[in-house]
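There are two complexes below, and they share subunit A, which is joined by subunit B in the first and by subunit C in the second.
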Partner chain A sequence: MANITFITQDNIPVTVHGESGSVMELAVENNVAGIDGDCGGVCSCATCHVHVAKEQFSLVGQASEIEKDMLELDDDADEYSRLCCQIDITPELDGLVLTVAGQ
Partner chain B sequence: MKKYQSPDPFTGAREHSGCAYMNDQDDPVTMILRLKDVRKTAHNWKTFQSGAAPGRIVIPSEVNIRDTRQIPFEVDPPMHGSFRALLDPWFKRPLGNEYRAQLGQQVNALVDEVLTKGVIDAVEAFSLCLQSRALTLLLNTDASEADTWIGWGTHVFRSEDDPLDKDKAGLLYDYIDEKINAASADPEGDLYSVLLAAEVEGKKLTHEEIKGIMILTFAGGRDTVINAVTNTISYFAEHPESLTRLRNEPDIIGRAIEELIRYFAPLTQMGRVATQDSTVCEHAIKADSRVSLCWASANRDASVFESPEEVILDRKLNPHVSFGFSHHNCLGATHARQIMRVLVETLIEKVGSIDIVDFEENIEQLGEFERKVGFHRLNVHFHPR
Partner chain C sequence: MMNAQLPQETCIIVGASHGGVNLAFALRKEGYTGRIQLIDTDKRVPYHRPPLSKKHLISDEPAGQLLKPLQAYEKADIDLQLGVTVIDVDPSEKTVTLDDGSSHVYTQLVLATGAQPIIPPISGVASAAHLYTLRTANDAQAIAQAFNTCQQKRVVVIGGGYVGLEAAASLRQCGAQVTVLERESRLLARVTAPDMSDYFYRLHQENRVAVFNAKNVSEIQTHNNENLVICSDGSQYPADIIVVGVGVHVNTHLAEKAGLKIDNGIAVDANNQTSDDSIYAIGDCCAQFNTHYQRWLRLESVQNALEQAKVVAAVICAKPPKVNAIPWFWSDQYAVKLQMVGLSQGYDKVVVRHECDNPQSFSVWYFNGDELLSVDAVNHAKAYVLGTKFITQRQRVNISKLQDSSLALSSDLVVQV
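Take a look at the complex of A and B:
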């Protein structure tokens, strides 16, 4: 349904294809380095932090209040940060580029 | 009230004041009760340190019963990060297929056994056995070690009359000394040997440092796991329909586990020591005084969690702090989550219902508050599907 590219901390792009579920699950299934998804996607661990390409941010949209509160205390967070367990895979995300955040 | 329930004693104080006070051996503690404040304080290690005198950040304080610094628990950044870099990969091993399969065998055998036994005490005859056997996988040590640990009983550090018993804690220290010495004479693939061979910031670990790491895997992973497992059994005893639901909707098992861990918060709180005068939610905190990050209270914060007093198995947004937050987040969480997953999968496969026969609650007295963390005894009868 959508091709999504993850750029890891070592600057290696990995493009994977997802049908459904969350972007975090897609990354974990494909062993994308730096996306651990420890809490399984309930917004409790912040091990699924990505930076969305600036010009694509409107595709994924703003984080919820709860997610923003988690990101606020993440030293690597910026205005284009998201916890990707909170992003559902949809056809609109095709071509999305996400940079895996530092630990 | 149902027997599994653990009502929140902090609601009033959290909503009206945000903090509460408790005394503990003349070293009082300001308890931080709201989720956002708990997170902020946990993140701010410069002002709220873990690297105080060994035992001081634990409540009740253990300064009088030990001198060994627990690592990485009582170390601040940047050194803390160097220890975590060494330990994190080892503590992620529970994600491997082999590890999961072995854990599955252990839990299967244990459930099969209790299904034939009639009434058993879930604390001693189930949770303690499960926790001890699973720990042999985490340490990659001989399976028979579990019998020694089970023999220590649930109260490794406690004797009947003294909750802080130095002699009983000594038992564990002596055991670990012996194991480190044995591993240095004859290294095998266990955690002791890995630590003996490792370097942190270019230096070999000392015996004392290795001891500080090993003690923590015993202490931090014992009561917490036992309480998580026992409370989970009590929940399913009173909610057999949840077993059915998880059987039919295995996709929500992950959420159910996070929710049970949120609700039961097996570790109530952990302390920090202020390095300077400061404030937390408008309360003055004096330099060199103690605060606590009250995970159990934060998890019931109604400004974040909808219906926080209810167990909602498929809760979707669940930013709980049962495993802590920020730098010191629980090193054993992967192992603990895997135990919970295998436990739930085995129960839904084999168990039809569980009857609670009688029980004795484990209530913590925290200043003016009383919090139920689990059970001293939970006599139950498991019935097969």
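Take a look at the complex of A and C:
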């Protein structure tokens, strides 16, 4: 459905293919370093923080209110931050580049 | 052949749930090059537990959202041994014995043995039909199967704690007729203020779950697969399915065999080391002195298990551990998201804050004198996040400003000193 590239904290790009579920689940399935998804994807832990490439932000859209609040737990959050458990994989995301937030 | 100068270390982890699994992967991340044996009685590939009482009871998804895909263990060279039980430990020989008869030598042993649900000694409990606890994926699957096969969908939940209330909400959403029987005078009595108990009481009532406080179940009578749950005040509730959520027993039998110090859980130091230098304990099974709250705690939470896993991985790899002393929890019931940070025990003042612009959101702030102890946030991540920051940094909150809901919830509430 979509190829998504994660740039890990070591600056290594990892491109993986997802068919369904959330982007967090895709990252965990592929052992992408830095995406923990500790709460299992219910927007409770903020351990799946990614920065979306600026020019692609419209593909994923704005975070919900609760997600924006949760992102404030992380000092590294900016206007292009998302918790990727809240991003569902769709064909439109093909080619998306996400930078895993620093620890 | 083992090199005499570079002996191969082995870390044996007993228990492959949130704590054990994350420890295994964290060890590799920290550079551990020895063998890692990760052992669990449960045959299933390790899975997330919190969804079992939540979405897995109501969705068609098979119970068991994996913590890590099976290939990840192989890739990280983690020897995952499922369906076997560690039955003995010999700390002088540094060996464990499994129920398949095999014996294994460890350099480090980590007990991530968790806890198991209590089945209270109620008369008739052993012969009750479709009576379940809820801790494993098998439990969740068994409840879902019973629910699908029972003609009538009458569920009695014994225990109004988080597991019981989440199960009640999930089964109600599937169309069950649900009754919750709580022994204390209010729900969640051990962990929250009366305001929160009242809120969850009303929430379940509004969703047409019958909630009764101060109900001590004294007997279960069962005829033809139909149960009658009888309370000491004489009230009776018919049940096709009974879910028991009345707390846990800590799994300390291996720790006892190893002669470790046990005091409401396996006693561990700040490095999660037990009274034996080569044995660590993490997660629900251990008790640790909390530096923020200045008392011994045994926590039952995913976050606690994960934090302690990271600490032990760092300690074993001789790196400085990063300690977060502030516990947090979450619960999802119906469309309500509850997030909790800190521990409220010992509070002498409670501030309940409602938001003008969002009637679905509120937060409960627990203080001891000036000190903010904990926050319960209902549909209110901002309160949760700010509470986390205030508590972690021990910031003083202006209580009268906090009570004034015309003032936005922000870091402006902090008293500058």
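The rule is short, and it goes like this: the second predicted complex is superposed on the first by the 103 of 103 C-alpha atoms of A that agree within 3 Å, B and C clash if a C-alpha of one lies under 4 Å from a C-alpha of the other, contacts with A are read in each partner's own complex, and residues count from 1 in each chain.
By definition in this document, contacts are C-beta pairs under 8 Å (C-beta built on N, C-alpha and C of every residue); 3 or more make two chains touch, one makes a residue touch a chain.
Model, not experiment: these values are computed from the prediction.
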Three-chain arrangement built on subunit A, subunit B and subunit C clash or fit: clash
Subunit B versus subunit C as contact partner of A:26, first or second or both or neither: neither
Which superposed partner A:35 touches (first subunit B, second subunit C, both, neither): neither
Partner chain(s) touched by A:85 [first = subunit B, second = subunit C, both, neither]: neither
When both partners are placed on the shared chain, which of subunit B and subunit C touches more of subunit A: C
Contacts of A:4 with subunit B and subunit C, given as first, second, both or neither: neither
Touching partner for A:101 - first (subunit B), second (subunit C), both, neither: neither
Touching partner for A:73 - first (subunit B), second (subunit C), both, neither: both
Overlapping contact positions on subunit A, where the subunit C interface meets the subunit B interface: 38-45, 66, 69-70, 73
Contacting residues of subunit A [partner subunit B, same complex]: 38-45, 64, 66, 69-70, 73
Residue ranges of subunit C touching subunit A (in the complex, touch as defined): 29, 48, 50-51, 65, 68-69, 72, 75-76, 302-303, 306, 330, 332, 337, 339, 379, 381-382, 384-385, 388
Subunit B residues within the subunit A interface of the complex: 36, 39-40, 43, 254-255, 257-258, 304, 315-321, 323, 325-326, 329, 333-334, 337
Complex interface listing, subunit A residues touching subunit C: 28-29, 31, 33, 36, 38-45, 65-67, 69-70, 72-73
